[in-house]
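The structure's right below; bear with me while I get my questions together.
Chain nomenclature is as follows: A, B and C, assigned in order of appearance, with residue numbering initiated at 1 for each chain independently.
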Amino acid sequence: MALPLIRRAATALAVVAALSVVCFALLDAAPGDPAASVLEARNGGRPPAAADVARLRADMGLDEPLPVRYARWVSAAVRGDLGTSYLTGRPVTETLAATAPWTALLTAAATLLSAAGAVAVGLVAALTRRAWLRRAIDGLSFVLGGLPGFVAALLLLYVFTAATGLLPSGGVGRPGEPVTPYRLLTHLVLPATALAFGHHFGIYVRLVASGVGRLRDAPHVDNARARGLPRRVVTTRHLMRPGLVPFTARLGVSVGTLLTGAYTTEVVFSWPGMGRQAIDAARGQDYPVLVAVVLVTGLVVVAANLAAELVVAALDPRTRAPGRPSMPTDPHPTPGETAHAR
Amino acid sequence: MPSGRVGAGMRPRGLLAVRMRPRRPGLTAALVVLGAMVALAAAAPLLTPYEPLATDTSATSLPPGSPGHPLGTDMLGRDLLSRMLHGARTSLAVGITAAAVTVGAGTLIGGLAAVAPRWLDGLIARTADVLLSLPLLVVVLALAAVAGPSTRVVIAGIAVTNWMPVAMVVRAELRSLRERLYVRAAYGLGLTRRQVLWRHLLPGAAPPVAAIAAFEVGHAILTESTLSFLGLGIPPNQPSWGNLLTEAQSHLLTGEWYTVAVPAAAVIVTIVAVNLVANAVGGRSEGRSW
Amino acid sequence: MHRRPVLTALAAMSVAVVLAACGQDGHDGGQGGTSAPARDGTLTYALGDEPETFNPGLQDEHTDPVTELVFRGLTRRDADNKVVPALAESWQIAKDGRSYTFRLRKGLTWHDGKPVTSDDVAFTIETVKAAGADSPLARNFTAVTSVTAPDATTVRLELERPFAPMLDAMAMAVLPKHVLNGKKITDPDFGRQPVGAGPFRLTAYKPGQYAELRAFGGYYEGAPGLEKIIIKYVPDDSARLIQLANGEVDAANLAPQQAAKVRGKRLEVYPTADYRALMFNLTNPRFADKRVRQAMNHAVDRDAITESVVLGYGTPAKGPLDTTPYASAPGFAFNPARVTALMTEAGYARDGQGLWARNGSTLRFELSTFAEDSLRVAILNVAATQLRQQGFDVVPTPRPRDWVRRHWSDLEVFVVGWGTPYDPDTSVYGPFHSSEALAEGGSNFGSYDNPAADKALEDGRGTLDPDRRKAAYDAFQQALQDDPPFVWISYLKAINAVPDDLTGPRQRTLGHHGYGFFWNAETWRYR
């Protein structure tokens, strides 16, 4: 298992390198002058004088050739220096360190909630003999499939805060007071729920239901039942473990979906994560911040894919044999799933 | 106790059945809904006397069912029905165009990869790998920063981040078909590569691609609404369902709830219908059923 | 291999993140605190706009609440926006208006305990003047030839010519020399951890979340009545209303359609000097004829716009100085007959679609504004409909802010916002004097060029005699009436909801964005 892992990791690194080139080149080729944007932001929206722009361009190192700028950026990035925000003049790493953990928390909570929910509901769908229940789950997963994430978020916001006042409407706590785990939880519930039960939830349910359902009547399961193994053991070891393989592979792939879904959720719930930062950066041509967010998101997605492959390998004994393809299922996501914004 | 099993010879029902074979009533309903949406969008100017942008300061915030304004008006007195119908034009056009561009690009690239030398095939695969690790929102953020938010950016963003599955399917289908006897026979009969590609290879890859194309339409509509919500999608004065939702969300609490409910319902119903159709088109293709 | 690696891995990951996030936040969350709504002298106020910096040297005269509470200038403005003493207890102005001597109060201290001296004042003026384009306020000091500090409490300014807004300009915050010396004025650290001499000091700032201010005991008028003011940044209109209703905040800045939904709070509705208008790009030959611009001024129904777009929380605009003591603009009435008369006079006739046309082409133009600003977009759409009804071929097209930045000179007609309640010169010289045209790097974005207006503006800033100033601004407003640079639309009102038992907020004409609501916050307290 070690060798294929190293190979996968090397591929992942290559992808990351390509990612950085693409991001940097793309953003660097952008029209509009960042120096002008900075001056204008400081100047209350008035267009700045050409001489001031030229001076700032030189200060910011924008006049050097592209390869030089890229090389400097990479060498600094490796040392943890992602540059200075054009808009706030603060180190990008500093702002990212303040926002990224919140996005990570929200994404992780939603992933957990989504996965637990999908496994539970999917198992019910696969194993129940009540046709109406299967149909209800079927219908639910279809409707959720058509629900834009921000609409779900607005609905939850309306029901649980505006109409009933049961939960706080946003942020991560009361300003100026310490964030206690309990209070954090009350603030986390709504955004995590909105993110967890959106568009992709139906896909998860289906993957669980079809993965497990396909095995329900498989010979090895019948065999296990015939041997008199307890139902619990049959379900967990012989149905769930292999049956969840496609779902797990997909879970890794859709971390990117959830991560960017979190951006929208963050906007609705005033969650202090990377999302709002990324959107402001895109609007204000704050390239250092934008490149950093793109890079971090890409890194997380690559890491999540890698992790999913490891988990799949652990779940499915076939993939452990050396020389076999490391993925039992198509690792590439289906359309509508790739990495869409919700 | 054995769970409610379906015998080996029986057709599975419920969730499993949808995956394999559509329930007909659902499909019919979905097709009717989609047909109606397209017809309404196409006939929008005939169905309403109001311009979608025309304000009327003497008829602001009318509730649904008001005379002359079946769906009511917004805070500036714009007719909601007219805005919904014109919004449907934008949203459906974006959905269909984005799906067409995505599938077109995917088919081309997949076809190229299937016949290309090893290095090019590899390059395409690696490019796909890089793009797979870039979520759509991030790509659109970058594109919007470069080019400014526009309909074209939305379509380009969707295409750039979604051609890969199409390309994979096309490439895999072409590769497997290439070795089939009838394809070899076609070459043997003296057909050129191009003729074989058009007459024998591409038609073979059509069914799975059609399923992806159908899903892509729904996905693109969803994406349009989200991007417009974030201010990165359709330019604000062009009615689209996403833009209607964006403008309306600040009125969710101030009485004009219907300005949110109507476009939200339209988005959900359309996507569910599109997905039902796509599911039926996709038929039994395993794992790609969604 | 673990039994259930999936769930275990997920659980471990999320626990780790929760711990990391809590730990990360725990350090700077402030001390103590209970979970009950804090009413122990704390006011939490929700606001939409968050500034890039709290450095007053980088803002214009309309400062955000945090900057306003942290800093003080030599002068300040009272409830009528008249200049009164602040850090300076008195001043003398030479007869020729070219020399100012300010005497500072004794015992002034910065938030870090250092004394405020005349050196700080001299440093501030020199730094801002030298900052040029980096500081919007530099324009106030171009006439200053020297700043001297003969002793610790005396500052003397020498001017090359009289500059009437000088006393008002001195309301600009004094900056601490000991913190900024040797640094650029754009120093980002100072913008986040400002040190001032105002009634409140900034004790915590979480970008994108909130700023926490605590009462400063060393303030020259004594400690303020509130112990703590928290400015919470909530960009979404709906979210502000929800948080106000839920008790997550005590006070909030509200949008017009929300005012009627507020329960259990007191509404403070103040006029502002912040107006909206449609600016013509006068480099475009289609707008050269002033009769066309006059006709368009008669074509909009300002009352209808004010009633619909801001639900009556506004006042129809007549000119740029309506909310100042200099107001004298006659304004334009909605009058379709005048539109027809003026357009016909200008050589236009209605075509088959009822649109004004000349030489076979309609008067077609794009009306745009910042797409991100929903109020301006609403004004744009209503104005476009009204103008179209009067035969103008308007194409309403909101544009992203970023696009506008790159295309100022390509705009045709644009929804602008200007206005100040302070010295009139501040908000009219830049936008209307021909020397400030866009091509010259100024803020006259429409390139308006009217010799009569230019002369009046120069007179207005060049004399200290109140009657002559009044006459100059009367002439200026008449010049704009004759040759309109804008289609005047509406002044906005600022709506703020505050707790019923909060005393102290007092009506004043506020500035841009409704900034200035906290102008006397040091006197606020709970009953």
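Everything below uses one rule, namely that a residue touches a chain if its C-beta (ideal position, glycine included) is under 8 Å from a C-beta of that chain, and two chains touch if they have at least 3 such contacts.
In this text the structure is predicted, and so the values were computed from the model without any measurement.
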- Query: Whose Cα centre is nearest the centre of all Cα atoms in view?
  - Reply: A
- Go ahead and name the chain pair joined by the largest number of contacting C-beta pairs. A-B
- Task: Could you tell me the distance, in whole angstrom, between the mean C-alpha positions of chain A and chain B?
- Result: 21
- Report the inter-chain centroid distance for chain A and chain C in whole angstrom, where each centroid is the mean of the CA atoms. 39
- So what's the Cα centroid distance for chain B and chain C, whole Å? 44
- Send over the residues of chain A in touch with two or more other chains. 31, 162, 267, 283, 285
- Message: Could you pull out the residues of chain C that touch at least 2 other chains?
- Response: 236, 238, 242, 372, 400, 402
- Query: Where does chain B touch two or more other chains at once, residue-wise?
  - Reply: 145, 231, 249, 252-253
- Task: Could you pull out which chain C residues touch chain A in their complex?
- Result: 1, 4-7, 9-11, 13-14, 17-18, 20-22, 24-26, 29-30, 33-35, 38, 42, 44, 52-53, 58-60, 132-136, 186-188, 191-192, 204, 206-210, 212, 228, 230, 232, 234-236, 238-239, 242-243, 245-246, 248, 372, 400-402, 405-406, 408, 438, 441-443, 445
- Touching residues (chain side chain B, partner chain C) in the complex: 53-58, 60, 75-78, 145, 148-149, 231, 235-237, 247, 249-255
- Item | For the chain C and chain B complex, residues of the former touching the latter | 236-238, 241-242, 255, 257-258, 260-261, 301, 304-305, 307-309, 371-372, 374, 377-378, 381-382, 384-385, 388, 396-400, 402-403
- chain C touches which residues of chain A in the complex? 31-32, 36-37, 39-44, 46-50, 52, 84, 87-90, 95, 97-99, 101-102, 104-105, 108-109, 111-112, 115-116, 157, 161-162, 165, 168-181, 183-184, 236, 244, 248, 251, 267-268, 270, 272, 276-277, 283-285, 307, 311, 314-315
- Note on the structure: In the complex, chain A touches chain B at residues 11, 14-15, 18-19, 22-23, 26-27, 29-31, 125-131, 134-135, 137-138, 141-143, 145-151, 154, 158, 162, 199, 202-203, 206-207, 209-210, 213, 216-217, 225, 231, 246, 253, 256-257, 259-260, 263-264, 267, 278-279, 281-283, 285, 287, 290, 293-294, 297-298, 301-302, 305, 329-330, 332-342
